[in-house]
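Here's the structure, in C-alpha coordinates; my notes come after.
When the chains are written out, they are named A, B, C and D in that same order, and each has its own residue count from 1.
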(Lines give C-alpha, C1' and ligand atoms only; values in the text may rest on other atoms or scores of the structure.)
Protein backbone atom coordinates (compact mmCIF):
# COMPACT_ATOMS: atom_id res chain seq x y z
CA UNK A 1 0.00 0.00 0.00
CA UNK A 2 1.34 3.38 -0.97
CA UNK A 3 -1.28 5.37 0.90
CA UNK A 4 0.41 8.32 2.57
CA UNK A 5 3.83 7.31 1.28
CA UNK A 6 6.24 9.26 -0.90
CA UNK A 7 7.04 7.94 -4.37
CA UNK A 8 10.72 8.24 -5.21
CA UNK A 9 12.10 8.86 -8.71
CA UNK A 10 15.87 9.25 -9.13
CA UNK A 11 17.37 11.44 -11.82
CA UNK A 12 20.79 12.79 -12.68
CA UNK A 13 21.58 16.52 -12.99
CA UNK A 14 22.54 17.41 -16.57
CA UNK A 15 25.08 20.01 -17.59
CA UNK A 16 22.45 22.08 -19.37
CA UNK A 17 20.59 22.49 -16.05
CA UNK A 18 23.48 24.33 -14.40
CA UNK A 19 23.98 28.08 -14.52
CA UNK A 20 27.00 30.30 -13.97
CA UNK A 21 26.61 30.14 -10.18
CA UNK A 22 27.67 26.49 -10.76
CA UNK A 23 24.36 25.23 -9.37
CA UNK A 24 21.14 24.01 -10.96
CA UNK A 25 19.08 26.96 -12.19
CA UNK A 26 15.96 27.26 -10.05
CA UNK A 27 13.56 26.91 -13.01
CA UNK A 28 14.54 23.27 -13.48
CA UNK A 29 12.87 22.21 -10.24
CA UNK A 30 9.52 22.93 -11.91
CA UNK A 31 10.35 20.25 -14.48
CA UNK A 32 11.55 17.86 -11.77
CA UNK A 33 8.19 18.21 -10.00
CA UNK A 34 6.52 17.36 -13.31
CA UNK A 35 8.71 14.30 -13.79
CA UNK A 36 8.00 13.22 -10.21
CA UNK A 37 4.23 13.28 -10.51
CA UNK A 38 4.32 11.67 -13.99
CA UNK A 39 6.41 8.77 -12.75
CA UNK A 40 4.30 8.30 -9.62
CA UNK A 41 1.15 8.14 -11.74
CA UNK A 42 2.79 5.75 -14.21
CA UNK A 43 3.73 3.48 -11.32
CA UNK A 44 0.04 3.42 -10.37
CA UNK A 45 -0.95 2.42 -13.87
CA UNK A 46 -2.05 5.88 -14.98
CA UNK A 47 -0.02 7.18 -17.93
CA UNK A 48 -0.58 10.89 -18.40
CA UNK A 49 -0.25 10.24 -22.14
CA UNK A 50 -3.35 8.03 -21.98
CA UNK A 51 -5.29 10.66 -20.05
CA UNK A 52 -4.59 13.20 -22.78
CA UNK A 53 -5.75 10.64 -25.34
CA UNK A 54 -9.05 10.52 -23.41
CA UNK A 55 -9.29 14.30 -23.83
CA UNK A 56 -8.29 15.15 -20.26
CA UNK A 57 -5.79 17.93 -19.58
CA UNK A 58 -4.28 18.59 -16.16
CA UNK A 59 -2.66 22.03 -16.23
CA UNK A 60 -0.98 23.60 -13.22
CA UNK A 61 -3.00 26.23 -11.34
CA UNK A 62 -0.49 27.02 -8.58
CA UNK A 63 3.10 26.18 -7.87
CA UNK A 64 5.16 26.93 -4.79
CA UNK A 65 8.83 26.04 -4.33
CA UNK A 66 11.10 26.64 -1.35
CA UNK A 67 14.80 26.28 -2.05
CA UNK A 68 16.97 25.02 0.82
CA UNK A 69 20.32 24.10 -0.76
CA UNK A 70 21.58 24.04 -4.35
CA UNK A 71 21.71 20.93 -6.53
CA UNK A 72 24.92 20.61 -8.52
CA UNK A 73 26.03 19.08 -11.79
CA UNK A 74 25.99 15.28 -11.94
CA UNK A 75 24.27 14.90 -8.55
CA UNK A 76 21.85 12.02 -8.14
CA UNK A 77 18.58 13.66 -7.18
CA UNK A 78 15.58 11.91 -5.64
CA UNK A 79 12.25 13.51 -6.49
CA UNK A 80 9.73 12.48 -3.80
CA UNK A 81 6.08 12.97 -4.74
CA UNK A 82 2.90 12.49 -2.75
CA UNK A 83 -0.69 13.09 -3.82
CA UNK A 84 -1.98 15.18 -0.91
CA UNK A 85 -5.45 16.19 -1.98
CA UNK A 86 -7.94 15.42 -4.71
CA UNK A 87 -11.54 15.93 -5.68
CA UNK A 88 -13.50 15.33 -8.87
CA UNK A 89 -12.07 18.59 -10.28
CA UNK A 90 -8.68 19.17 -8.61
CA UNK A 91 -5.46 17.47 -7.53
CA UNK A 92 -2.64 18.57 -5.26
CA UNK A 93 0.83 17.08 -5.06
CA UNK A 94 3.62 17.76 -2.60
CA UNK A 95 7.29 17.28 -3.46
CA UNK A 96 10.63 16.93 -1.78
CA UNK A 97 13.84 17.24 -3.81
CA UNK A 98 16.80 15.56 -2.11
CA UNK A 99 20.41 14.76 -2.99
CA UNK A 100 21.07 11.07 -2.50
CA UNK A 101 24.09 10.39 -4.75
CA UNK A 102 23.16 6.77 -5.23
CA UNK A 103 20.54 4.91 -7.12
CA UNK A 104 17.85 3.31 -5.04
CA UNK A 105 15.94 0.06 -5.03
CA UNK A 106 12.84 1.27 -3.21
CA UNK A 107 10.08 3.33 -4.77
CA UNK A 108 7.91 4.21 -1.75
CA UNK A 109 9.16 5.84 1.43
CA UNK A 110 7.42 6.73 4.63
CA UNK A 111 10.02 9.45 5.20
CA UNK A 112 12.08 10.86 2.32
CA UNK A 113 15.82 10.22 2.63
CA UNK A 114 18.76 12.39 1.62
CA UNK A 115 19.83 16.01 1.92
CA UNK A 116 16.85 18.32 1.45
CA UNK A 117 17.35 20.71 -1.48
CA UNK A 118 13.83 21.96 -2.17
CA UNK A 119 10.21 21.32 -1.29
CA UNK A 120 6.92 22.51 -2.67
CA UNK A 121 3.55 21.70 -4.14
CA UNK A 122 1.49 21.99 -7.27
CA UNK A 123 -2.27 22.35 -7.61
CA UNK A 124 -3.98 21.09 -10.78
CA UNK A 125 -7.39 21.20 -12.37
CA UNK A 126 -8.97 18.74 -14.81
CA UNK A 127 -9.94 20.36 -18.11
CA UNK A 128 -11.34 19.00 -21.33
CA UNK A 129 -9.80 19.77 -24.73
CA UNK A 130 -11.76 23.02 -24.91
CA UNK A 131 -10.05 24.08 -21.66
CA UNK A 132 -13.35 23.89 -19.76
CA UNK A 133 -13.52 22.29 -16.31
CA UNK A 134 -14.04 18.54 -16.41
CA UNK A 135 -15.21 16.11 -13.72
CA UNK A 136 -12.87 13.17 -13.40
CA UNK A 137 -15.38 10.98 -11.60
CA UNK A 138 -17.66 11.10 -14.66
CA UNK A 139 -15.12 11.07 -17.48
CA UNK A 140 -12.71 8.50 -16.07
CA UNK A 141 -14.20 6.86 -12.97
CA UNK A 142 -11.52 4.16 -12.86
CA UNK A 143 -8.75 6.76 -12.62
CA UNK A 144 -10.75 8.63 -10.01
CA UNK A 145 -10.90 5.47 -7.90
CA UNK A 146 -7.18 4.87 -8.23
CA UNK A 147 -6.54 8.36 -6.92
CA UNK A 148 -8.81 7.71 -3.96
CA UNK A 149 -6.61 4.82 -2.90
CA UNK A 150 -3.47 6.84 -3.26
CA UNK A 151 -4.23 9.84 -1.12
CA UNK A 152 -2.76 10.15 2.32
CA UNK A 153 -5.29 9.32 5.04
CA UNK A 154 -4.12 10.99 8.17
CA UNK B 1 9.40 58.45 -9.63
CA UNK B 2 8.84 54.71 -9.88
CA UNK B 3 8.08 54.20 -6.18
CA UNK B 4 5.22 51.73 -5.88
CA UNK B 5 4.91 51.39 -9.64
CA UNK B 6 5.20 48.30 -11.82
CA UNK B 7 8.05 48.06 -14.29
CA UNK B 8 6.94 46.66 -17.63
CA UNK B 9 9.12 44.54 -19.91
CA UNK B 10 7.60 43.20 -23.13
CA UNK B 11 8.68 39.90 -24.65
CA UNK B 12 7.49 37.61 -27.39
CA UNK B 13 6.56 33.95 -26.81
CA UNK B 14 8.94 31.65 -28.69
CA UNK B 15 8.03 28.35 -30.31
CA UNK B 16 10.32 26.44 -27.98
CA UNK B 17 8.29 27.67 -24.98
CA UNK B 18 5.09 25.95 -26.14
CA UNK B 19 4.12 22.40 -25.26
CA UNK B 20 1.72 19.92 -26.80
CA UNK B 21 -1.28 21.52 -25.08
CA UNK B 22 -0.47 24.38 -27.53
CA UNK B 23 0.20 26.76 -24.64
CA UNK B 24 3.36 28.00 -22.95
CA UNK B 25 4.73 25.34 -20.60
CA UNK B 26 4.33 26.53 -17.02
CA UNK B 27 8.07 26.32 -16.24
CA UNK B 28 8.81 29.23 -18.58
CA UNK B 29 7.09 31.73 -16.30
CA UNK B 30 9.96 31.22 -13.84
CA UNK B 31 12.33 32.54 -16.49
CA UNK B 32 9.99 35.40 -17.34
CA UNK B 33 10.01 36.48 -13.69
CA UNK B 34 13.81 36.43 -13.83
CA UNK B 35 13.86 38.54 -17.00
CA UNK B 36 11.39 40.96 -15.42
CA UNK B 37 13.43 41.63 -12.29
CA UNK B 38 16.70 41.81 -14.28
CA UNK B 39 15.30 44.43 -16.64
CA UNK B 40 13.75 46.45 -13.84
CA UNK B 41 17.09 46.54 -12.01
CA UNK B 42 18.93 47.44 -15.21
CA UNK B 43 16.54 50.33 -15.75
CA UNK B 44 17.49 51.54 -12.27
CA UNK B 45 21.16 51.42 -13.12
CA UNK B 46 21.86 48.13 -11.34
CA UNK B 47 23.10 45.44 -13.73
CA UNK B 48 22.96 42.04 -12.08
CA UNK B 49 26.12 41.20 -14.01
CA UNK B 50 27.95 43.94 -12.14
CA UNK B 51 26.65 42.70 -8.79
CA UNK B 52 28.09 39.25 -9.51
CA UNK B 53 31.37 40.90 -10.43
CA UNK B 54 31.31 42.43 -6.92
CA UNK B 55 30.96 38.93 -5.50
CA UNK B 56 27.25 39.23 -4.68
CA UNK B 57 24.88 36.40 -5.56
CA UNK B 58 21.11 36.68 -5.29
CA UNK B 59 19.63 33.19 -5.45
CA UNK B 60 15.91 32.48 -5.16
CA UNK B 61 14.68 31.23 -1.77
CA UNK B 62 10.96 30.96 -2.58
CA UNK B 63 8.83 31.18 -5.66
CA UNK B 64 5.06 31.14 -5.96
CA UNK B 65 3.12 31.30 -9.22
CA UNK B 66 -0.63 31.32 -9.81
CA UNK B 67 -1.71 30.59 -13.34
CA UNK B 68 -4.90 32.27 -14.55
CA UNK B 69 -4.96 31.78 -18.33
CA UNK B 70 -2.48 30.28 -20.79
CA UNK B 71 0.00 32.28 -22.86
CA UNK B 72 0.25 31.13 -26.47
CA UNK B 73 2.84 31.09 -29.22
CA UNK B 74 3.84 34.48 -30.62
CA UNK B 75 1.86 36.41 -28.00
CA UNK B 76 3.30 39.71 -26.82
CA UNK B 77 3.68 39.31 -23.08
CA UNK B 78 4.17 42.10 -20.59
CA UNK B 79 6.14 41.11 -17.51
CA UNK B 80 5.28 43.56 -14.71
CA UNK B 81 7.71 43.60 -11.80
CA UNK B 82 7.63 45.45 -8.50
CA UNK B 83 10.11 45.34 -5.64
CA UNK B 84 7.80 44.78 -2.68
CA UNK B 85 10.14 44.25 0.23
CA UNK B 86 13.82 44.55 1.03
CA UNK B 87 16.24 44.54 3.90
CA UNK B 88 20.01 44.35 4.13
CA UNK B 89 19.81 40.58 3.56
CA UNK B 90 16.66 39.90 1.53
CA UNK B 91 14.57 41.10 -1.41
CA UNK B 92 11.06 40.30 -2.54
CA UNK B 93 9.56 40.94 -5.95
CA UNK B 94 5.99 40.58 -7.16
CA UNK B 95 5.08 39.88 -10.77
CA UNK B 96 2.13 40.06 -13.09
CA UNK B 97 2.26 38.35 -16.48
CA UNK B 98 -0.21 39.80 -18.96
CA UNK B 99 -1.01 39.41 -22.65
CA UNK B 100 -0.93 42.78 -24.36
CA UNK B 101 -0.30 41.92 -28.02
CA UNK B 102 1.36 45.21 -28.73
CA UNK B 103 4.62 46.81 -27.91
CA UNK B 104 4.50 49.62 -25.42
CA UNK B 105 6.12 53.00 -24.97
CA UNK B 106 5.78 53.23 -21.19
CA UNK B 107 7.96 51.42 -18.69
CA UNK B 108 6.25 52.19 -15.38
CA UNK B 109 2.59 51.59 -14.66
CA UNK B 110 0.47 52.34 -11.63
CA UNK B 111 -1.85 49.50 -12.62
CA UNK B 112 -0.69 46.72 -14.96
CA UNK B 113 -2.61 46.59 -18.26
CA UNK B 114 -3.63 43.60 -20.37
CA UNK B 115 -5.19 40.20 -19.83
CA UNK B 116 -3.89 38.60 -16.64
CA UNK B 117 -2.16 35.26 -17.32
CA UNK B 118 -0.18 34.66 -14.14
CA UNK B 119 0.94 36.36 -10.97
CA UNK B 120 3.41 35.51 -8.25
CA UNK B 121 6.43 36.48 -6.25
CA UNK B 122 10.03 35.54 -5.57
CA UNK B 123 12.03 35.92 -2.38
CA UNK B 124 15.82 36.31 -2.59
CA UNK B 125 18.77 36.41 -0.26
CA UNK B 126 22.14 38.11 -0.73
CA UNK B 127 25.05 35.67 -0.59
CA UNK B 128 28.76 36.04 -1.11
CA UNK B 129 30.75 33.79 -3.44
CA UNK B 130 31.11 31.21 -0.67
CA UNK B 131 27.29 31.05 -0.51
CA UNK B 132 27.31 32.65 2.96
CA UNK B 133 24.79 35.37 3.85
CA UNK B 134 25.96 38.87 2.90
CA UNK B 135 24.78 42.29 4.03
CA UNK B 136 24.05 44.54 1.08
CA UNK B 137 24.20 47.74 3.12
CA UNK B 138 27.85 47.03 3.95
CA UNK B 139 29.04 45.47 0.69
CA UNK B 140 27.27 47.76 -1.76
CA UNK B 141 25.72 50.69 0.10
CA UNK B 142 24.94 52.58 -3.11
CA UNK B 143 22.85 49.69 -4.44
CA UNK B 144 21.16 49.41 -1.08
CA UNK B 145 20.14 53.06 -1.30
CA UNK B 146 18.80 52.64 -4.81
CA UNK B 147 16.61 49.81 -3.57
CA UNK B 148 15.30 52.00 -0.77
CA UNK B 149 14.02 54.50 -3.29
CA UNK B 150 12.36 51.84 -5.35
CA UNK B 151 10.26 50.07 -2.79
CA UNK B 152 6.55 50.71 -2.63
CA UNK B 153 5.63 53.04 0.25
CA UNK B 154 2.05 52.36 1.09
CA UNK C 1 15.29 45.64 -51.01
CA UNK C 2 16.46 42.95 -48.64
CA UNK C 3 17.53 40.51 -51.38
CA UNK C 4 20.80 38.92 -50.37
CA UNK C 5 20.94 40.88 -47.12
CA UNK C 6 21.08 39.63 -43.55
CA UNK C 7 18.18 40.36 -41.24
CA UNK C 8 19.33 41.38 -37.76
CA UNK C 9 17.44 40.64 -34.56
CA UNK C 10 18.99 41.71 -31.25
CA UNK C 11 18.43 39.75 -28.04
CA UNK C 12 19.85 39.75 -24.55
CA UNK C 13 21.47 36.66 -22.95
CA UNK C 14 19.42 35.49 -19.95
CA UNK C 15 20.81 33.97 -16.78
CA UNK C 16 19.03 30.68 -17.44
CA UNK C 17 20.97 30.31 -20.70
CA UNK C 18 24.34 30.19 -18.94
CA UNK C 19 25.99 27.01 -17.67
CA UNK C 20 28.70 26.36 -15.10
CA UNK C 21 31.47 27.17 -17.60
CA UNK C 22 30.03 30.73 -17.22
CA UNK C 23 29.11 30.83 -20.91
CA UNK C 24 25.88 30.28 -22.82
CA UNK C 25 25.13 26.55 -23.11
CA UNK C 26 25.52 25.49 -26.73
CA UNK C 27 21.93 24.21 -27.04
CA UNK C 28 20.55 27.74 -26.78
CA UNK C 29 21.92 28.72 -30.18
CA UNK C 30 19.34 26.37 -31.72
CA UNK C 31 16.62 28.53 -30.18
CA UNK C 32 18.36 31.72 -31.29
CA UNK C 33 18.36 30.46 -34.89
CA UNK C 34 14.63 29.83 -34.52
CA UNK C 35 14.03 33.32 -33.17
CA UNK C 36 16.12 34.79 -36.00
CA UNK C 37 14.15 33.15 -38.82
CA UNK C 38 10.81 33.85 -37.12
CA UNK C 39 11.59 37.55 -36.79
CA UNK C 40 12.91 37.81 -40.35
CA UNK C 41 9.71 36.23 -41.68
CA UNK C 42 7.56 38.47 -39.50
CA UNK C 43 9.37 41.50 -40.87
CA UNK C 44 8.42 40.29 -44.36
CA UNK C 45 4.79 40.03 -43.37
CA UNK C 46 4.79 36.27 -42.87
CA UNK C 47 3.91 35.28 -39.30
CA UNK C 48 4.74 31.64 -38.69
CA UNK C 49 1.68 31.54 -36.43
CA UNK C 50 -0.51 32.31 -39.47
CA UNK C 51 1.17 29.60 -41.53
CA UNK C 52 0.34 27.03 -38.86
CA UNK C 53 -3.25 28.31 -38.87
CA UNK C 54 -3.28 27.49 -42.61
CA UNK C 55 -2.20 23.94 -41.74
CA UNK C 56 1.42 24.36 -42.80
CA UNK C 57 4.23 23.05 -40.60
CA UNK C 58 7.90 23.78 -41.20
CA UNK C 59 9.98 21.36 -39.13
CA UNK C 60 13.76 21.28 -39.18
CA UNK C 61 15.38 18.55 -41.28
CA UNK C 62 19.02 19.46 -40.69
CA UNK C 63 20.91 21.81 -38.42
CA UNK C 64 24.60 22.64 -38.38
CA UNK C 65 26.29 24.99 -35.92
CA UNK C 66 29.94 26.01 -35.69
CA UNK C 67 30.94 27.67 -32.43
CA UNK C 68 33.71 30.28 -32.62
CA UNK C 69 33.62 32.09 -29.26
CA UNK C 70 31.33 31.88 -26.23
CA UNK C 71 28.42 34.22 -25.57
CA UNK C 72 28.17 35.35 -21.96
CA UNK C 73 25.47 36.44 -19.54
CA UNK C 74 23.83 39.77 -20.32
CA UNK C 75 25.56 40.16 -23.69
CA UNK C 76 23.63 41.85 -26.47
CA UNK C 77 23.54 39.28 -29.25
CA UNK C 78 22.69 39.98 -32.88
CA UNK C 79 21.12 37.04 -34.70
CA UNK C 80 21.68 37.53 -38.43
CA UNK C 81 19.46 35.43 -40.69
CA UNK C 82 19.39 35.02 -44.46
CA UNK C 83 17.13 32.82 -46.58
CA UNK C 84 19.68 31.08 -48.78
CA UNK C 85 17.63 28.56 -50.72
CA UNK C 86 14.02 27.66 -51.31
CA UNK C 87 11.80 25.55 -53.50
CA UNK C 88 8.14 24.61 -53.36
CA UNK C 89 8.97 21.98 -50.74
CA UNK C 90 12.07 23.18 -48.87
CA UNK C 91 13.76 26.20 -47.30
CA UNK C 92 17.29 26.84 -46.12
CA UNK C 93 18.44 29.60 -43.80
CA UNK C 94 21.95 30.65 -42.83
CA UNK C 95 22.77 32.35 -39.54
CA UNK C 96 25.49 34.36 -37.91
CA UNK C 97 25.48 34.94 -34.16
CA UNK C 98 27.50 37.98 -33.13
CA UNK C 99 28.14 39.95 -29.95
CA UNK C 100 27.36 43.61 -30.49
CA UNK C 101 26.69 44.93 -26.98
CA UNK C 102 24.43 47.67 -28.21
CA UNK C 103 20.99 47.88 -29.62
CA UNK C 104 20.77 48.69 -33.28
CA UNK C 105 18.58 50.83 -35.51
CA UNK C 106 19.09 48.89 -38.73
CA UNK C 107 17.42 45.61 -39.59
CA UNK C 108 19.17 44.61 -42.84
CA UNK C 109 22.90 44.36 -43.29
CA UNK C 110 25.01 43.58 -46.34
CA UNK C 111 27.73 42.31 -43.99
CA UNK C 112 26.97 41.25 -40.41
CA UNK C 113 28.68 43.38 -37.77
CA UNK C 114 30.08 42.41 -34.38
CA UNK C 115 32.28 39.69 -32.93
CA UNK C 116 31.46 36.34 -34.53
CA UNK C 117 30.32 33.76 -31.94
CA UNK C 118 28.67 31.09 -34.08
CA UNK C 119 27.45 30.41 -37.58
CA UNK C 120 25.31 27.72 -39.15
CA UNK C 121 22.28 26.79 -41.17
CA UNK C 122 18.95 25.02 -40.94
CA UNK C 123 17.10 23.11 -43.66
CA UNK C 124 13.31 22.85 -43.48
CA UNK C 125 10.51 21.06 -45.28
CA UNK C 126 6.88 22.09 -45.65
CA UNK C 127 4.46 19.55 -44.20
CA UNK C 128 0.71 19.48 -43.77
CA UNK C 129 -0.97 18.69 -40.46
CA UNK C 130 -0.71 14.97 -41.19
CA UNK C 131 3.09 15.40 -41.45
CA UNK C 132 3.01 14.67 -45.19
CA UNK C 133 5.02 16.78 -47.64
CA UNK C 134 3.19 19.90 -48.82
CA UNK C 135 3.81 22.18 -51.81
CA UNK C 136 3.96 25.79 -50.74
CA UNK C 137 3.35 27.14 -54.25
CA UNK C 138 -0.09 25.46 -54.30
CA UNK C 139 -1.14 25.89 -50.68
CA UNK C 140 0.06 29.45 -50.11
CA UNK C 141 1.17 30.98 -53.43
CA UNK C 142 1.43 34.47 -51.94
CA UNK C 143 3.91 33.33 -49.32
CA UNK C 144 5.82 31.44 -51.98
CA UNK C 145 6.16 34.65 -53.99
CA UNK C 146 7.36 36.60 -50.97
CA UNK C 147 10.09 34.02 -50.46
CA UNK C 148 11.15 34.36 -54.09
CA UNK C 149 11.82 38.02 -53.56
CA UNK C 150 13.78 37.40 -50.43
CA UNK C 151 16.33 34.90 -51.60
CA UNK C 152 19.85 35.99 -52.34
CA UNK C 153 20.47 36.31 -56.08
CA UNK C 154 24.16 35.96 -56.61
CA UNK D 1 35.45 -4.71 -25.37
CA UNK D 2 33.46 -1.70 -26.52
CA UNK D 3 35.81 -0.76 -29.35
CA UNK D 4 33.74 0.33 -32.33
CA UNK D 5 30.47 -0.31 -30.50
CA UNK D 6 27.63 2.08 -29.71
CA UNK D 7 26.88 2.91 -26.10
CA UNK D 8 23.16 2.98 -25.37
CA UNK D 9 21.48 5.24 -22.80
CA UNK D 10 17.69 5.12 -22.48
CA UNK D 11 15.66 8.17 -21.47
CA UNK D 12 12.03 9.12 -21.34
CA UNK D 13 10.58 12.14 -23.22
CA UNK D 14 9.27 14.73 -20.77
CA UNK D 15 6.26 16.96 -21.30
CA UNK D 16 8.39 20.09 -21.22
CA UNK D 17 10.33 18.82 -24.25
CA UNK D 18 7.25 18.82 -26.50
CA UNK D 19 6.08 21.80 -28.55
CA UNK D 20 2.76 22.69 -30.11
CA UNK D 21 3.39 20.44 -33.13
CA UNK D 22 2.96 17.69 -30.46
CA UNK D 23 6.51 16.46 -31.05
CA UNK D 24 9.81 16.99 -29.24
CA UNK D 25 11.23 20.42 -30.06
CA UNK D 26 14.37 19.98 -32.16
CA UNK D 27 16.61 21.84 -29.68
CA UNK D 28 16.27 19.04 -27.14
CA UNK D 29 18.29 16.62 -29.24
CA UNK D 30 21.35 18.76 -28.50
CA UNK D 31 20.86 17.96 -24.81
CA UNK D 32 20.26 14.28 -25.57
CA UNK D 33 23.59 14.13 -27.39
CA UNK D 34 25.21 15.67 -24.30
CA UNK D 35 23.57 13.12 -22.02
CA UNK D 36 24.66 10.31 -24.36
CA UNK D 37 28.34 11.22 -24.35
CA UNK D 38 28.34 11.93 -20.60
CA UNK D 39 26.88 8.53 -19.79
CA UNK D 40 29.22 6.72 -22.18
CA UNK D 41 32.21 8.38 -20.56
CA UNK D 42 30.89 7.62 -17.08
CA UNK D 43 30.53 3.97 -18.04
CA UNK D 44 34.21 4.04 -18.99
CA UNK D 45 35.19 5.43 -15.63
CA UNK D 46 35.57 9.03 -16.79
CA UNK D 47 33.18 11.39 -15.04
CA UNK D 48 33.05 14.72 -16.84
CA UNK D 49 32.64 16.31 -13.41
CA UNK D 50 36.08 15.02 -12.42
CA UNK D 51 37.63 16.34 -15.63
CA UNK D 52 36.33 19.81 -14.83
CA UNK D 53 37.77 19.46 -11.34
CA UNK D 54 41.14 18.86 -13.04
CA UNK D 55 40.69 22.15 -14.90
CA UNK D 56 39.75 20.56 -18.23
CA UNK D 57 36.84 21.94 -20.25
CA UNK D 58 35.44 20.23 -23.33
CA UNK D 59 33.22 22.71 -25.18
CA UNK D 60 31.47 21.91 -28.45
CA UNK D 61 33.09 23.27 -31.62
CA UNK D 62 30.65 21.85 -34.17
CA UNK D 63 27.31 20.13 -34.06
CA UNK D 64 25.32 18.58 -36.88
CA UNK D 65 21.90 16.95 -36.52
CA UNK D 66 19.73 15.30 -39.17
CA UNK D 67 16.13 14.75 -38.16
CA UNK D 68 14.39 11.71 -39.64
CA UNK D 69 11.17 11.29 -37.64
CA UNK D 70 9.74 13.09 -34.61
CA UNK D 71 10.04 11.86 -31.03
CA UNK D 72 6.83 12.20 -29.03
CA UNK D 73 5.83 12.69 -25.41
CA UNK D 74 6.52 9.76 -23.10
CA UNK D 75 8.49 7.80 -25.74
CA UNK D 76 11.41 5.70 -24.54
CA UNK D 77 14.37 7.03 -26.45
CA UNK D 78 17.71 5.28 -26.87
CA UNK D 79 20.66 7.64 -27.30
CA UNK D 80 23.46 5.70 -29.03
CA UNK D 81 26.90 7.29 -28.77
CA UNK D 82 30.23 6.33 -30.29
CA UNK D 83 33.59 8.06 -29.98
CA UNK D 84 34.64 8.27 -33.62
CA UNK D 85 37.82 10.31 -33.53
CA UNK D 86 40.24 11.69 -31.00
CA UNK D 87 43.63 13.32 -30.71
CA UNK D 88 45.48 15.05 -27.89
CA UNK D 89 43.43 18.19 -28.56
CA UNK D 90 40.09 17.09 -30.05
CA UNK D 91 37.27 14.55 -29.77
CA UNK D 92 34.46 13.61 -32.09
CA UNK D 93 31.32 11.67 -31.20
CA UNK D 94 28.59 10.30 -33.42
CA UNK D 95 25.02 9.76 -32.23
CA UNK D 96 21.88 7.92 -33.21
CA UNK D 97 18.58 8.75 -31.55
CA UNK D 98 16.06 5.92 -31.77
CA UNK D 99 12.62 5.16 -30.39
CA UNK D 100 12.64 1.81 -28.62
CA UNK D 101 9.67 2.04 -26.23
CA UNK D 102 11.20 -0.38 -23.79
CA UNK D 103 13.99 -0.31 -21.32
CA UNK D 104 17.03 -2.32 -22.24
CA UNK D 105 19.49 -4.58 -20.46
CA UNK D 106 22.43 -4.11 -22.84
CA UNK D 107 24.68 -1.07 -22.92
CA UNK D 108 26.83 -1.73 -26.02
CA UNK D 109 25.49 -2.50 -29.46
CA UNK D 110 27.25 -3.36 -32.70
CA UNK D 111 24.24 -1.96 -34.57
CA UNK D 112 21.79 0.44 -32.93
CA UNK D 113 18.25 -0.92 -32.60
CA UNK D 114 14.91 0.88 -32.85
CA UNK D 115 13.25 3.39 -35.14
CA UNK D 116 15.74 6.04 -36.27
CA UNK D 117 14.65 9.54 -35.24
CA UNK D 118 17.84 11.56 -35.63
CA UNK D 119 21.55 11.20 -36.17
CA UNK D 120 24.50 13.54 -35.93
CA UNK D 121 27.86 14.33 -34.47
CA UNK D 122 29.66 16.75 -32.20
CA UNK D 123 33.26 17.91 -32.35
CA UNK D 124 34.99 19.05 -29.13
CA UNK D 125 38.24 20.65 -28.10
CA UNK D 126 40.09 20.39 -24.80
CA UNK D 127 40.57 23.75 -23.10
CA UNK D 128 42.01 24.81 -19.78
CA UNK D 129 40.17 27.09 -17.37
CA UNK D 130 41.49 30.14 -19.21
CA UNK D 131 39.81 28.80 -22.37
CA UNK D 132 43.19 28.14 -24.00
CA UNK D 133 43.84 24.88 -25.90
CA UNK D 134 45.02 22.04 -23.67
CA UNK D 135 46.76 18.76 -24.51
CA UNK D 136 44.99 15.83 -22.92
CA UNK D 137 47.96 13.49 -23.26
CA UNK D 138 50.00 15.77 -20.98
CA UNK D 139 47.34 16.92 -18.53
CA UNK D 140 45.51 13.62 -18.06
CA UNK D 141 47.46 10.79 -19.69
CA UNK D 142 45.31 8.11 -18.08
CA UNK D 143 42.14 9.54 -19.62
CA UNK D 144 43.92 9.85 -22.94
CA UNK D 145 44.76 6.16 -22.84
CA UNK D 146 41.18 5.22 -21.99
CA UNK D 147 40.01 7.11 -25.05
CA UNK D 148 42.50 5.28 -27.21
CA UNK D 149 40.93 1.98 -26.25
CA UNK D 150 37.46 3.23 -26.95
CA UNK D 151 37.81 4.52 -30.49
CA UNK D 152 36.52 2.44 -33.35
CA UNK D 153 39.33 0.64 -35.18
CA UNK D 154 38.05 -0.11 -38.63
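As a working rule, a contact is a pair of C-beta atoms (placed from the backbone, for glycine too) under 8 Å apart; a residue touches a chain by one contact, two chains touch by 3 or more.
These numbers come from a predicted model, not from an experiment.
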item: Interface with more contacting C-beta pairs, comparing B-C to A-B; value: A-B
item: Chain located farthest away, centre of chain B as origin (C-alpha); value: D
item: CA centroid of chain A to CA centroid of chain B, Å; value: 26
item: Interchain centroid distance [CA atoms averaged], chain B/chain D, Å; value: 36
item: In chain C, residues with contacts to at least two other chains; value: 15-16, 20-21, 23, 27, 31, 34, 73
item: Chain C residues touching chain B - in the complex, by the definition given at the top; value: 14-16, 31, 34-35, 38, 47-49, 73-74
item: Touching residues on chain A, where the partner in the complex is chain B; value: 20-21, 23, 26-28, 30-31, 34, 52, 57, 59-67, 70, 131
item: Residue numbers on chain D that touch chain B, as the complex places them; value: 15-16, 18-23, 25, 27, 73
